[in-house]
Every structure is written in C-alpha cells, then in structure tokens.
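The structure under discussion is supplied below as structure tokens; questions concerning it will follow.
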Amino acid sequence: MSTFIRNAWYVAASSDEIGSEKPLGRTICNIQIAFFRDSKDQVQAVEDFCPHRGAPLSLGYVEGDNLVCGYHGLQMGADGSTQSMPSQRVEKFPCIKQIPVVERYGFIWIWPGDKQAADDSLIPVLEWALDPKWAYGGGLYHIKCDYRLMIDNLMDLTHETYVHASSIGQKEIDETPVKTTMEGTQVVTSRYMEGILPPPFWQNALQANGLPTDQPVDRWQICRFDAPSHVMIEVGVAMAGKGGYEAPAEQKANSTVVDFITPETDGSIWYFWGMARNFKADDEALTASIREGQGQIFSEDLEILERQQQNLDRFPDRHLLKLDIDAGGVQARRIIERTIKREQPSATSGAA
Amino acid sequence: MSTFIRNAWYVAASSDEIGSEKPLGRTICNIQIAFFRDSKDQVQAVEDFCPHRGAPLSLGYVEGDNLVCGYHGLQMGADGSTQSMPSQRVEKFPCIKQIPVVERYGFIWIWPGDKQAADDSLIPVLEWALDPKWAYGGGLYHIKCDYRLMIDNLMDLTHETYVHASSIGQKEIDETPVKTTMEGTQVVTSRYMEGILPPPFWQNALQANGLPTDQPVDRWQICRFDAPSHVMIEVGVAMAGKGGYEAPAEQKANSTVVDFITPETDGSIWYFWGMARNFKADDEALTASIREGQGQIFSEDLEILERQQQNLDRFPDRHLLKLDIDAGGVQARRIIERTIKREQPSATSGAA
Amino acid sequence: MSTFIRNAWYVAASSDEIGSEKPLGRTICNIQIAFFRDSKDQVQAVEDFCPHRGAPLSLGYVEGDNLVCGYHGLQMGADGSTQSMPSQRVEKFPCIKQIPVVERYGFIWIWPGDKQAADDSLIPVLEWALDPKWAYGGGLYHIKCDYRLMIDNLMDLTHETYVHASSIGQKEIDETPVKTTMEGTQVVTSRYMEGILPPPFWQNALQANGLPTDQPVDRWQICRFDAPSHVMIEVGVAMAGKGGYEAPAEQKANSTVVDFITPETDGSIWYFWGMARNFKADDEALTASIREGQGQIFSEDLEILERQQQNLDRFPDRHLLKLDIDAGGVQARRIIERTIKREQPSATSGAA
C-alpha cells in the first residue's frame, strides 16, 4: 500500500530549476522522472529510463521537442514514445511513462497517479502568486524522513519555542492553547496570542513596515493543511489592541509561510519552503534577506526530523502520543489515510 | 541471543564528556541512551526517545533535574517518567527506560541489564584512580568490530611485534612463551622477558625515571581480563637482574594499561584506552605526552581490527586457530559465553 | 549461478601496482586476494585471509618468499600453506587458496576457477606488447556496474557520438551501419566510414604522424571481443582513398584500444583501459599525452554506466532492446552465458 496519495498535484521543482538545454532528473513519489522544456518552453516529464538500454534520459540533452539520450542518441518524445534514433526504425520501441506536468505560480507540478484523472483545475489556487502586491522568496531542502513528520512539524508550531528559540520562538507560543478545526477538506490549526512582545524575526518585520519594535503586539499563526501534503501558514503581528488578525494593514506585519512537502521516496522528501508577504513587495533586498533568514530557521528542523525518523524506525511498535497540540497533524494524517484507502482499487490497476 | 553480558557494569563515557547543559547521546549495548547531569551534578541516563513524538532527548537541554526535549518541551525526569509539558497533563504519558548509571573514577558506568540487579559494589575497584601517587591519561576510539576481537587483541600482546613495531614491539615478545591462568574469575596471561634491550616507548619511560636507556632490562606484561570486557595490563621494565616485576621502584618503570571495551552494537565498540602510572604523577606534560604516544600506538590496531571483522563476516564458517598465544582470549570468551547462557531466562523476561 | 566465467584468465593488476615490499589486496571475481612478489620477483597470489585469526594478509609485508601477516607474524607461503609462525608448530594449520597467477605483457593475470585447468598458454597473445615498434599507455578505473554493461559499451561505439562528442565522437559514426560477425570464438563488430573529416583526437594523431588534419579521411573501428571479457579495438584513419584500413603506414594513423574488463564483484568492475600505437613508439611525451586524453575520454563513460546500472537494478523486469548496433554485446553475452552454463558442474564441485 502506498504511503502517499497518488492522485494529486505535488510540487516537483521550482521553475528556475529547469533550464532550456539541460534536463532535470528527480525522483518524486518513487518515480524517477526526467523533466525538460520543449521548443515552446513547456515543461515535459517522462520516466527517466531510456527504452533502448536503460540509461537515465536526464543525462542527455534537449533537441527541439525531444529529449535526446546521452548514450546512443535515441530521441524521446514528451508523450513517452520514441520519436527517432539514428539508423533505426523506432515504431515498435516500448513506450515509457509520461507524467502529467503543469508549470504554474513559478512551480512545476506533477501528478503521479492515473493520467486521466490529472485535472489541472485541481492545482491549489495561490492568490499571492498572481497579485503584484505580494512578493515571494523560497528554497528547497532534501530531508530523510517520512513526509508526514514534516506535516506534523508544521501543523504544530509549539516546536518554535524550542527548535527556533532565537528567531521566531517565544515562551508564549507553547503557553497558548491551539484550536484545530476542519474548514471543508482543510485542516486548520490556529493560535492567537495577545499583548506579547514580538520575537526577533517579527521585530525586523515591524521595523521594515515602519512600526515600533518594542511595543506589545497581538500575534497569530493559522496553519492550513490541504491534501496531499501542502501546508500554508498565515502568520503575523499587529500592534496590540488594533484588531489582531483583522487589524488594518498599517498596524501590522503579516505573511504566508508556504510549505510544499513532496515525497521523494517513502523515507525522504523534497521540502519546498518559502514566504509570501504583502508589504514592500518591490524590495528585492528584503526578499533576499527574509529568504536567507527563513532558510536558516527552517534548517534547524532538519536534524531533529532525520533523527526522529531514525528513532521511529528503531522502535516501529511504540505508540506516539496524540495531544491537543498534535491534533492538526493527526487530522491531516486521517485525511491522507482515508484518501489512500479510497485510491486502492485504481492504484492497483494503474500500478507501474 | 545477546552477544554480550547484560548484567554487568560497562564504561559508557568519561566524566568530562558530560557537561552541565548539553546531554550526551550514545548507544551502549544496543540501547540508545541520553546522559545528562541533574541539578546536583549527578549523572542520569534514560532512553534517548521522547514519549511524545519519538525525537531523541539528547538533542534537547537540561533544566533543573530534568531533560527537556528540544522539539516540544516535554520535561523528562531521571526516572524515565515525564515530569511536565507546557499546557499538558502528563500523568498517563508512557514511561521510558531508566538506565542504572554511576559516576566513579572519572568514568560513567552503566548497567544495561535488569535494574534490580544493578549493585554498584560490583563496579571494579580501580586502586590507581584513588591513589594520588598515580596519574592517568586516556582516550576513546570507535571501532567497527565485535568487542571480542578487541579482547583477543589485548590478551595476546604478541601482536605488538608486528602492529607496533616502531614503539612497543620487539622481536623478543613473540619469541617468549606466554602463560595463561585463572585467578578466581580473572583470566591472566603473562609474559616475562629477561635481559633484553628496551624498545623506544620504554626507553622514554626509563629516561623519565632517571634510569639508563641503553642497558639490558627485564620486561613483563601481565594481562588481566575481567567480565564483561575489561582488560588491565601491568607492563614494565626493570634494570636487568634487579628483581624484574618485584624490583624496587627506583630500579624500574611500570604502569597499567587500562582498557574498557564497551559494545555499542553487536558489530561496533567504544574503546576506552588509557595508561595509569605511578611515577612522576604530578607531571602533567608527561601525562599528555604519554597519552599522545599511546593514542598513536593504539590507533595502529584500528584498521587491522575493522578489516579482520570484515573478513570474518565474509567467511562466517571458517574456524580460527586457537594457539597458546590465543589462550587468554579463548578463556575470556568461554567466561563470556557461560555468563550469557546463564542470563538467558532473565534476559528473556527482561528484554526490551 | 556465477555471473562470470570462472575458468579463464583475467587481468588483476598492472605490473607496477605490485612493489617488492608491500602486498596488494584486491578483490577479483568475488575472491579477496593478496598479491605479492617473492624473492625471485615472481608475483604470487593467495586468499587475503590469515588462517590464524582472519586478518587480511595484504596488511602485512613480504619476507623472502613469504607473506608475513601484520597481526601476529604468521608466514604464509605462495602455495597457501603456512611456512612458520614464531614459537608455533604450523604443520596442521589449515591452508588457504592459492590463486593461479602469471605476470605477462606488463599485467598480472589470474585464473579464478579450477587450478588444474589454469594453462598459461590460454593467456591471450598481445603482439603489440612484445614488438618494440609499438608503445603502450593505460590506466585503471573502478566502476560500479555489471561487467557486461562495459562490454556492451565497447562493442557498440555509436555511443561515441553522444558520450564523447568533443573528442572522438562524430555524427558519421551513428549514421554508418555496423557489421557483427564471428571469427572463430571472437565476436567482431566493425564500422568503416569513408571521406569524412577527422574528429579532434584523430587530427592530433595525424599531426603527430606528419599528415594533414584538414583533409578527408577514411576511418575504421573494429571491435574484437574475446571471452571472458576482453575487448580490443583497432581504430584508425587513413588519407581518403589510400586504401583505408589497408593503406600504407605513411598514409594513416592507427592504434589498438585495449580493454580488460575484470569483475570485482557481481556489481562492480576493475576496468583496465589503454592504447597501443605503432607510430612514434619512442616518444614518451606523446604516450603520456595520449594516456591523459584517453583517461579523460573514458571517464565520460563512468557516470552513464553507474547510473544505467542503478536504473536496471530498479527495473529488473524491463526488457532492453537488442538493435543491430547492440549485436556485438548481444553475441558476447551469448558466448559468456553458454560458457558459464558449461562450467556449472565443475563450478559446483570446486566452489569455495
């Protein structure tokens, strides 16, 4: 049984990872994939396996609309069928899998499941990515853990107090209760803190917004999980008593933490992290500095996640606790489990 | 069946490896352990597994008498029961294993077996560690081999002629017969060489003692194995004809090679090596220089032990020879085997 | 069932890899072997396993005609029987395997199969190695792939167009059909190209021969596979219309690419590559520069072969295509398979 949902859109890469000449080889959801741009600059994705002798196509190069195998020159089309090969008739060559792929919002999205079901209207709508009033900066980490450990991590920000003590963590986070609810198919875990002092990261953001940094603020964290494994977190601070989350723009600093968690294999992930903000959107230096700071903060989770995974592998039978702070992750896992179960019959018939 | 004795004291660390803030994570006898000092500076040891989400507790920090998990702030007590967690009732949290631990002689000793049997009067008495006329210097190596290969190595010093040819080895060692006897539960392998020239290491020691380095000496090596895996070796040289091992202090240079061999896993060890000497005990520069020299010499065994282990893994069915020079290791293995067998019933009932 | 022929001569090392003091430890065809030179400078080969305690003999040193174990001084004879050990009677020590070994043509050849069948007249005759009009330069690569992938690679030079585009590759190679035939037990794949421009590597060779580099040439590639896994390739260019392969020496530049592909394990190889040439044989600087160029070119195959192997391991059931360009490799594999099958009964009786 798969450990992840197959019929869903996952982020496989950011747009700038795929140039016009060199393909990108990357494993997503246990599928080795060669990504490349065709002559119209459209991203294409096929299995990374040349039907001639099994060489990885991603070691080759792009020519027109085809991916040329770097070993013996077989030309693979974007549909997974061989287009040509020097001095050969290729009609009967076996096909390889074409992977549904869409480029949108600066990301490459793939659908590892049944091809017919790959409806691109199911790609989540990222309003901030279309709105010029917002800016985005982000990065990519490779982590050796089950993707669900990363979901747990993001749906319970209590850990900020401990893992990120010097930047976004503060004692009030784990002293404030959280509330987990369902909004449609979305799991929402929220926490509101009132009249607290802003931690270093938010002091910087307030300063960037021309607000004082030594005054009490109201702070919020609203984590939203959507299947298969995306977590968007609305975070912010407003000058205390000005309406909190609802305060007018000039009284607050806020942003959206963007997390696309994509299984590489059953035991490793591609973690696309970033931050979208709606203040000083044109300030590229600020974007770069926030990106660097966030990259630093998020790297603090890496060791704990990998070591947690090793511990769980060692003791597969120990039951973990499911506390109120864990409710977001627990709910998310339930949705994932139910969806995987529903997929079983079609998953079986469509298995590679 | 365990490959090592469970109900026994093993050296897990030297005292200075465990500071007052940072815990130490280390696997001993296949148990992942977090070591820390409580508010009274007492060393505590618990399983390195947070009952909340399985993170390693050794990534956290010490607060008062508890170990705080670095992920979500659970406070683990030294008895393996959760003391508190922000905004949680912890009474029903599952316990983790507390590991009997004692700090003595500058070392941290643990008892991986049945807790009730952990009697600290069973810790070997190290007289040199209590006597101000003696000085000690040592170090730690991690080696990928079965701990019994290291016992074999130390109970048969013939190998010095070959492995340590440039320091303590000399041809006379492997030309002189050894005698292996039992003294109570202790295996003793001894070798006495008379009227030989001292090798470089002993020339230095004689010089440090104000004795000539170019005169014949009598040399001895008395290796003592005690279960579960400790080897103490009395070594020394005396000016020839002055009584050898029994010669008066001003006619000899002698010391005790200290070896605590602690299984990490079935295929790897923590090897605590050192030397205790009863001359110039206050000379710290001498302690440092002996320590450096010994570290260099003992590192010469690492490759041969790891490669020997690989060879044995490749040919598990080949019988090794048991020569007279191997008798010390053979006897030690017999004691270990008998003790493991005796432990079986209680081992089964107390298995993790 | 073995994946390679056992009763055959394989190249295990080049002569200069085995000095007079230090043995060489190397695994060939799944056998760990210690190679050393005896007092008559003859190369000897025994299993790399000391019968005393299993230490690798290759960590020791040579004394007279014996290999001395670096652990306890056992003296191993070239016939696999212990010659002596300090203070021990060694008559009943178990023997280790002696591996038939011959030094010839600057290489060390071993026979991993039945000792009685090891007839050194079966070593291939390398005429260029005996003829002073020829010069040779070569090197060694370790590659993690099945040895047959390397045979495929060399018996189908179409890949030069893609893998070696900047040196020996040219479009005309994969536009020209190949012919695969059997000459006795030898598989021969040949390709003749007429009236083409020489690629960079051959421009250099023509220049070294005092021939113009901008004129059309006839080019040939004749790949010869001999069991168990040797591939010799006659390559060259002649000024167009002067007789091609048969052209007189002053109208051409030609050489023999030498490839000994020796299995280390079932999934890794020692790849001895080199080039023998019959022009400017005394020019050592030229030998060095060709060697460097060839080493560079052949290193381009490493990544593709290792990644191809990983792909095949992932999809063991996919059938690879067998095109005309693959016929050389396919024929070679058939010969190998038939020979392995024939070896089965004796392989069983002689198994280690």
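In order of appearance the chains are A, B and C, and numbering begins at 1 in each one.
Heads up, the rule we're going with is that a contact is a pair of C-beta atoms (placed from the backbone, for glycine too) under 8 Å apart; a residue touches a chain by one contact, two chains touch by 3 or more.
Just so it is clear, the model here is predicted, and its values are computed rather than measured.
S.K.: Fit chain A to chain B on CA atoms, both being copies of the same sequence, and give the resulting rotation angle in degrees, nearest 5.
M.R.: 120
S.K.: Same residues or different residues: which describes how chain B and chain C meet, taking over half shared numbers as same?
M.R.: Copies use mostly different positions to touch.
S.K.: Provide the C-alpha centroid distance between chain B and chain C, rounded to the nearest whole angstrom.
M.R.: Spacing between the chain centres: roughly 48 Å.
S.K.: I need the residues of chain C touching at least two other chains; which ones are they?
M.R.: Residue numbers touching two or more other chains: none in chain C.
S.K.: Could you please specify the touching residues of chain B with respect to chain A in the complex?
M.R.: 32, 48-49, 51-56, 59-60, 68-73, 85-88, 93-94
S.K.: In their complex, what parts of chain A are in touch with chain B?
M.R.: 152, 156, 158-159, 161-163, 174-175, 177, 303-304, 307-308, 311-312, 314-315, 318-321, 323-326
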